[in-house]
Every structure is written in structure tokens, then in C-alpha cells.
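One chain, chain A, links the two complexes that follow: it is found with chain B in the first and with chain C in the second.
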Partner chain A sequence: MAVTAKPPRKIAGTVLRVVVLLVLGFYFILPLVAMGEFSTRGINNTRSLDSWTGIFEDPDLVDSILTSVELAVLSSVLMLVLLVPTMAWIRLRLPKLRRVVEFLCLLPLTIPAIVLVVGMAPLYAWVNYFLGDSPLTLTFVYAVLVLPFAYRAIDAGLASIDLKTLAEAARSLGASWGTVLWRIVVPNIRTALIGASLLSVALVLGEFTIASLLNFETLQVQVNLIGKRNAGLSIAVSLACLVFAFVLLFLLSYVGQRRRATVVED
Partner chain B sequence: MGYLELKGLRKSFGGLPALDGLDLDLSEGELVSLLGPSGCGKTTALRIVAGFETADTGHVVVAGKDITSVPANRRDMGMVFQAYSLFPNMTAAQNIEFGLRLRKAGSGERSKRVAELLELVGLGKFGGRFPHQMSGGQQQRVALARALAIQPRVLLLDEPLSALDAKVRVQLRDEIRRIQTELGMTTLFVTHDQEEALAVSDRVGVMSQGRLEQLDTPAVVYREPASAFVAQFVGVTNTVLGRSESGAVRLGTFKLATDAAADLSDGSDVKVIVRPEDIGIVEHEGEPNGALLGSVLTQSFLGPVTRLVIRLDGDEQTIRVDQPSNIAAAYPPGTAVALDFTASRFMVVKA
Partner chain C sequence: MVAPVTTSAGGGTAKAASPGRGPTRGNVLAWLVVVPFLAYVGVFLVYPTVLVLAGAFQDSNGAFTLSNLTDLMKGVYLQAFWRSIELSAITALLGAVFGALLSWAVASGKADGLLRRVVVAAAGVLAQFGGVPLAFAFLATVGFQGFVTKFLQDTFGVNLFSGSAWIFELPGLTLVYTFFQIPLMVIVFLPALDGLRPQWREASESLGGTTWTYWRHVGGPILFSPFLGALLLLFANAFSAYATAAALVSQGSPIVPLQIRGFLTGEVLLGQENLGKALGLGMVIVVGVAMGLYALIQRRVSKWQ
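Right after this comes the complex of A and B.
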């Protein structure tokens, strides 16, 4: 009975999986294909790469791309520097504060961007007064903005290791707290850190509202601006941005794996 | 004066006392076990020595130097944990040399030392393995090697064997003892397993409710327990309820003459504590003759000895008696027997 009943069920499962994959794949791929199609349209139904080559000919656009990439990197670094030691310390020494910190880290998710900007604007008057009006000062807002996502990722990473025992073992061998963090915690939650960084990069590259309202020329602000005069170019940039994010994802996971493999060879 | 001294350690967690004035001295090269049920404070004591907890009052002294306020990473204590504690991102060899790297040892010295230690714990060829590629027993061996690598002043073992299966546990415990003796390493060993403690220790400290009940050699702790708690916690014991009566203890129709009953008022309830191997047994037929009588309920074969469970006549109490297996065969279940422990060691305490 069981043997004869199994194959049909198995087939049904496979069919379901294929259908789900097709539908979801279609849902994700179709807009990308459409963007690709639109951005390569030439005059009189021809194909042309003018929009794509145009990306590098627009100095404002190139500037904004560089700005956004710098912002993404700086925000990720600031987020990691803030969050990893804090979260590790709370797990090790102040477990009572965990709920409070979790709540604080999730707050940016519940506050609409427009409200954030209203609160930030006076603050940024001061930031710009002291640090100049470089768009890179957005790093401070963005590091806060990515907290909810990064917190989740890092928290999962810390939960997956026996942090207390590992830290105590390292301490008894003579490690300072800094060494514990750098040599023990970071390498063992590397995947989580990569995940958190990636989320941050993706979020920063896609952020529009805050940058626009605070009058900084980031990539998305430029894309919006260009969209008003050259739709093909703005679509090409957006698609390039998405593809860049995918490549980044691939590269980052590759880096994580390669590091581990080198250790095996030792 | 000992090499490692714990002086009047007190510690409470949220108002609940975990250590209630613990004093303990270890001579150099000595292995002392702290044995007790969970919550008796043994692990807290160890963690205070390691520097992971701070005592509310009291001092920890190593080689005459008070280290009470020295942070854990400057104490030079080697510690092996109950949970697997190897750094997952490092190989066995890298784990072992971690402490040496922190001490800025040269690479030649490091690899020499790692090779020696891997050999010492019997894992010569496992240096390149990651923790997840090793069994629990192997991981704990590496953890031991890692703790020894820094040439610690004191070795602290926090139930390092309790996550392992029975056979590996016995093997590794003997090996720990061999290595400890070989290196003359002063060692504090925390365990809840009395067999483990008795087997490997120079001295055993039995703890209960944050205090040391008894601290002595395994033989003395076993043969001459200082309190009813120690008697019951260490080894297998029978506890028989009786009543004191004119300087003796009455168990049913049997009167056990003992000095211990002299200070007890007549008619008070007492417990007689006696080990199964300290009870004599003879077959008994006919009328009561003033001996402790009962009948064999079950037999369980334990190899060299067989444990007889005997129900005492006149009440529902049972008593366990160990006899050499060849002798026990003569007492199948149902046999009426007379028990004798007048000549042997027993302990009488107020119930």
C-alpha cells in the first residue's frame, strides 16, 4: 500500500514545487527582463546600448554611484563596530539588558522615514556644521536605519555558538576582551556578519527618502532625477544596481567560504 | 600552607547562598575533587578560582599570592569545561597554540609544544582536524591539551567527562589522572559523579549547600563518612529506620547494640546507615532468635558481587546486601535469612 501510494504523492510534490518555482521565478524575473528590454530600446524598433554606455558619460551619475557605494561600506562598518561588541557584551555580561537593546534596535523599523527626517534635520544642521556637508555624513542615519535587520542577523549568529563557554575558555588562556571579540567571536559568526553587512549594503543602495529629503545626491536621488529626463538611462542604472547587489551577494558568500578553506589547508 | 588556598569564600546569587564560607587548601601537585549534588556550590567555587565569578567575601591564594582581584585572563589557570569549548574556527593544533600565541611564543616553540601535547593526550595525528571532525572524547582531550599548553599554575576541571559516554569517560578519567601525576599539576576537579571522584583524587571534598561536609582521601571518605549526608552521597548505602531503646537501636525484633545510641533519648526515631558490603548473611529457619530477620526478595548479578534485596520481617523496609556471587547463589529469592552487621561499620543518626 505504502509503496504504491508514494510515487503519485511524490510526483504531486514535484509538480507543486515546479509550479511554485515557475510562478515565483516569473514574478521576480519578468520585471528584470522588462527593464533590460526597455533600457536597450533604440530608435525605430532597433536595439541599442546607448542608455547603458550613458551611465559612464554622466559625471553626476558616476559621482552619485561612488557616493552610494562609499555610504554602503561606511554604514556597514559603523553598524558592525557598534553592534557586534555591544551584542556580544550583553550576551556575556548583561543579559538583563537584552530586551531593551533589542527594542531599541527595532525602533527604526517602526518609525516612518519622513518622521525620522523631521527629527534628524536639526541634528544634521549641526552634523553639517562640524563635519561639512558631504553626503557621507548620511552614514550616521544609515547605520541607525540598518540596525533592525543587522540585529536579527547577528543575534542568530551569536545564538548559534556557545558564546559564554568559548569566551571563558579564551579568557582562561589569557585573552583580553578585545582578543575574545576579534579572534573568537568574529570568526565564528562570520556568516552572520556577512549577512548583516549585505542587508545593510542593499538597504543603503536602495534608500531614497532620507537622502532626498536631506538634499544629498545619492544614487537613488540621481536615478529619480534622471528618470524625469531620460527614462532609459534611469532604468539601466536601476537594473545595474540590482545586478550589482546580486554579484555582491555572490562575492561575499564566496569570500566567506574561501577563508574557511584556507584554514583547512593550514 | 597550601599551594592553592580558598579562604572563607562566600557567594550568593539573588539572595540564595551558593557558597557559605568555603575553606580549601591544595598542596602542590595534588588532585582534589569537589563532589556534591547539583547546586551544592562546587562549580561556583571553581568559577571563582578561575576568575569567572567574584566572591562576595573571601580570598583565593595561589603560591602565597592573593589573586582574588586578578582578572581571569591574568590568572594562568588552565580550564577544561563541561561543554565542548574548542574554538570551532580553529584546528586542534591551533586551539592548543592559542594560549601560546597570546603569550607571544615563537613559532618553533609553539609547534614543538603542540606536537608534545597532542602526543601526551594520545592524538598525535589529529592536529589538523577541526572540532566538528572529532568525537566528544577527542575534543575533550584537545581541550585538556589546550589548557596544559600555557603551563598553568592550577588546572581546573569542570565536569569535563559528563558529556561523554560511559566507556570513554572511564578511559579519559584514568588518562587525566596519569597526565596530572606525570606533570605534577595541582588540579581542582569538580564532579557530581562519586565514582569518578573516588577513582582519580588524592583527596575528595564532599560539598552540600555551599559547605564542605568532609575533605579526606577517597578511602576515608568512603569508609568513615563524617556525616549522614556523606555516607548517603558517596557509595551505595542502606538507610534503615529504627527506634532508640536503652542505649541500643531496635529494628523490629532485633536490638543493635551501639554506643551511638547512648546519647539519644529512649523512643526517638533513628536511622541506621550501613553499606551493602558490610552486612553478613546466614540462612535462617525456625523461630526468631533476636537476629535481624528477613527474606530475599530479588537478586541482581553485578559481576564479582551479587546484590540481594531483602525485605525485613515485621515491616516493609528493604535492605540491600552485597555478597560474592558464588556465595549469593545459595540465597535464591524467598530464602529466609538472618542479617548481621553488629561487627561491621554502620552509622546511627537521628531520623
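Right after this comes the complex of A and C.
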């Protein structure tokens, strides 16, 4: 910020701003510091990294991390497969359906996960009967849970390109609809797709409600379980989760920026 | 989990009807493309929702009844609803006020500045993906062995728990909920603050207005609707939150989501199987009203921006 002579009320504004940032910054950083302190406690007031190395020595925890990562990838893929062709097609050929699809995609915001899981329980009795009771079957619910976030990201991506003209140009050169989708739509909105996928990954890695109440051992369920006997370990994993999600979202803010930059170039 | 409706007003390019297509056969084929999506959402979203909503009106044999709903209106269930509403209202208010302050402090910086990037990313993490980790962050801070608890005990001899185990009750939930309510406010409110043009400030100043007149007559009125909308969204968000409370409170069910947990994990009396669904219906109604009003306000705001 440039330091120039400012009228007194601007200085007052700046002071207030700094105070707000310091106070709220302290409020939010304190728990992180506390987690760091708590997870490095040793015996008799010493420091130790046992909680952190313990993450890799607990086979159940490692399993649940792998499960959650697999779920994150599968859910993102399923979400993309479901949404991208449908949303592109609706913009091209069925604008009438747009409201309906938007409503359906945003519906999970109005149905709390804890309510959705009540209705999921009987449904999952069937899913597990047909597909076995692997935790990976959670993919089906998670693809639904990420719909609102993914819908907005992809919708913004589609709105930023002239889809109709691009599609008509490709069609007049003899491209099939599949080619239009795969070689025109997807490359043009790839930053939106990356954004939607990163959001989905973060959401799935953090999901607890549905996994725990359908009795699947995902990362968050396991963290909660471990907390009952080894608080240090749970706190270490929790801190790692928060930091990992932060890095994901921080990178995401640069993905969004690059899109803006390329639009200007074009 | 509830999330902000940020920028969806950008569309509107795909309004023209499909060019030069036959109305009958082509359209039927066109609809086929959408079938997989609709079928999937039908099975994994609409069906479970309908199951809950319909189940609220059925007894254990599937016959129509209103007794589940009348049971909601009394005793522990009614109390749980009031507590949930109280918790959501208080944390929505706290979140909205402090979140708005934080947004204001961040908004004045550079749009691509590091401070803003860090705050927005951190807010996103806490608001949308916090859940269980937040409960443990809370325990590490003010739990029985927490950092702050021990610090206060060792340095000032203050016992945080002299009164009661408040962190596992409503006051504790209120405190931990602010850790995702304030960040959510930042995410929702920042775009509204970005909408304030610096020219308005300059115009107010060139007419002799002070900071107070600017906020009283220009900034305040413009931000009122977005603030009200954000308040509703925060309310709905706290009301439907489950993970943090569930990880923190393992015994007893002070709020509605935890009551529903009780029904799913088997603490059910015979003949009351569908009471959990009635609780679900109640939650959907409360969240639905809040989100409906939010959508109305949102539409009004986007109309004249």
C-alpha cells in the first residue's frame, strides 16, 4: 500500500481495518496453533512427533485415507460424466429444461445431509445387496452431494464461451455430437472442469455425515473414531486435512485467474 | 451442508430455440441425452427425499397418520427444534456481523492480493469442509487438555470448566459454529462489497459527506438486502450442520440433527420408526423457508446490480 499523506478519516479507516484483521486473524489462527501444540505433545512436558508419525502406522487410518482418496476421484469422474454432457446439451438444444436441471442440482442445498441419509439408508440396503458393501458405493451419494458446487462451476464455464457458435461451426464441418463434446466443449471449459473437480475432491475428503451413518469407514469417520482413544493422533490428522483442503482451494484461486487471463488474450 | 449461491446470474446466452430442427423426431432424440442425468438424480436424490417426506406421514405399517407430526410438537423434539433454531439464529447473527467486518477489511485490498487469496481460501475450507476437523480443533484449543485451557490454568489459575462441561453443550456448540459461520459470511458477502463502486464514495465525499453519511445513506442501504440474505443463508447452514456437533457431542441429543442420529443408530422405540423422518421433514421445512427467502432476496439484489 502506498504511503501518502491521507486525511485523518482515511487513517482511522485503515487503523480499524488492521484491528479487525488482527483480532479475527488471532481468533482463527489460535485453534491452528493449539492443534499444532496439542499434536506435538510428548510425555512429561516434552515435544514429540509421535502423533504425526502415528498417522502412517495405523493401518485402519491408512486404509480409510486410501478409501477417501478413491472416493474423491470416482465421485469427481461420475459428476463430470453426468453433468458435462447434460449441461452442454441443454444449452445447445433444450434450453427449456435449464430451470429444471438447475433446480435439481441445487436441491441438495435445501435437503440437509442428515435428512438425505435417512432416505438413503433403505436405498443403500439395495445398493449393497447388488454391488456388495464396499465403501466405494458411497460414490453414488457423493456425486449427488457435489452437484450444487459442480453445477455452478461448470455453468460459469459454459456461460463464458460462445457454445452455440462453436458447436454449429464444428457440426457444419462434419463433427458428430460426441466430437463436439469431447474436442470442443471439454477443452474450452477445462478450467471450469478442474475447478469443479477440485471442489468435489475437497468436499468428499471432508464428508462425515453420510459415511458415518451408513457405517462406512472413510477418513473422517476414522478420525472421529480414533479421537475417542488417541486425541493427539486425531488432532494431527485434522490439522493435516485442513491444511490440505486449504492448499487445494488456494490453488483453485489461481485456476480461476488463469481463465480470466486467457479470455482477455482471445 | 449449505453453500452460498454466488455468481449464477452470468448466463442467459442459450435462449434461442434450436436452429432448423424438426420438431418431432429430433426433439425426442434430444430428450434421450438428458435421460441418464434425470434418472440418476431421480434415484439418488429425489427418491430418498420423497421417502423421508412421505414417511413422515406414515405409521410403521405404512398407513397414513399425522401422529408423527403431532409428536414433534411436544416434549424433547419440540425442545430440540427450539434449541436448534436458537443456536442457528445466534451463530447466524454473530457470523454475519463479524464476517461482514472481515469482508470489509479484506475487500479494500487488491483483488488479486495475497491477503485476499489466503482469507478466501481459508474461509472456503472452514465454511464448507470443516466438519469433524473443526471439532478437534476446538478440543485442542479449549478442551479439558486444550492449549488455552492449560494456558489459563497454569498462568492465571483460571479453570475454564468451573461451571460445567459447557463445551459439550449449547454454549460450546455456539462457539465452535462461529468457526464456520464467520467464514461462510466472508464468502457470501465479499461479492456484495465488491459491488460498491469507489465512484459512489467519491461522489458522496465531493458533496461534503462524511464517512458516516456515506455508510448511512449509500453503502448501508445498498448492502442491507445482501446482508439480510446472508443472514438467512447462515441460519440454514447452521441449522443443517451435523458433523461438527456429532463429533463433539457423543452423548445426548440437544439439537435436531443429533436427534435424527439417535433414530438412525437404533435408539428407537417400537412404533416410532418414522418419527426420524418427521424430524427430517421438519428440518427440510425450516431450511426450505430460509433458503426460499434467501433466493427471493438474491433475485431482487441481482435485478438492480
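Convention: the second predicted complex is superposed on the first by the 215 of 266 C-alpha atoms of A that agree within 3 Å, B and C clash if a C-alpha of one lies under 4 Å from a C-alpha of the other, contacts with A are read in each partner's own complex, and residues count from 1 in each chain.
The working rule: a residue touches a chain if its C-beta (ideal position, glycine included) is under 8 Å from a C-beta of that chain, and two chains touch if they have at least 3 such contacts.
What you are looking at is a predicted structure, and each value in this text was computed from that prediction instead of being measured.
Once the two complexes are laid over each other on the shared chain, residue contacts for A:131 go to neither chain B nor chain C.
In the superposition on chain A, A:162 makes contact with both chain B and chain C.
Once chain A of one complex is fitted onto chain A of the other, the partner contacts of A:82 are limited to chain C, with no touch recorded for chain B.
With both structures placed on the common chain, the touch criterion links A:62 to neither chain B nor chain C. Shared-chain residue A:241: touches chain C; no touch with chain B. In the superposition on chain A, contact of A:17 is made with chain C only, not with chain B.
Looking at the superposition, the partner that touches the larger set of chain A residues, chain B or chain C, turns out to be C.
In the superposed model, A:187 makes contact with chain B only, not with chain C.
In the superposition on chain A, A:49 contacts neither chain B nor chain C.
Residue overlap on chain A between the chain B contacts of one complex and the chain C contacts of the other covers 162, 168.
Interface of chain A with chain C (complex): residues 9, 12-13, 17, 20-21, 24, 28, 30-35, 37-39, 82-83, 85-86, 89-95, 97-98, 101-102, 104-123, 140-141, 143-145, 147-149, 152, 155-156, 158-160, 162-164, 168, 202-203, 205-209, 212-213, 220, 223-224, 227-228, 231, 234-235, 237-239, 241-242, 245-246, 249-250, 252-253, 257. Residues of chain C touching chain A in their complex: 1-3, 5-8, 10-19, 21, 30-31, 33-34, 36-38, 40-41, 43-52, 55, 98, 101-102, 104-106, 108, 112, 115, 117-118, 120-122, 124-126, 128-141, 143, 145-148, 179, 182, 210-211, 239-240, 242-243, 246-247, 250, 257, 260-261, 263-265, 276-277, 280, 283-284, 287-288, 291. Within the complex, the chain A residues that touch chain B are 161-162, 165-166, 168-176, 179, 183-184, 187-188, 190, 260, 263-264, 266. Contact residues of chain B toward chain A in the complex are 50-52, 71-79, 81, 83-91, 94, 98-99, 102-103, 128, 130, 143, 146-147, 150, 156.
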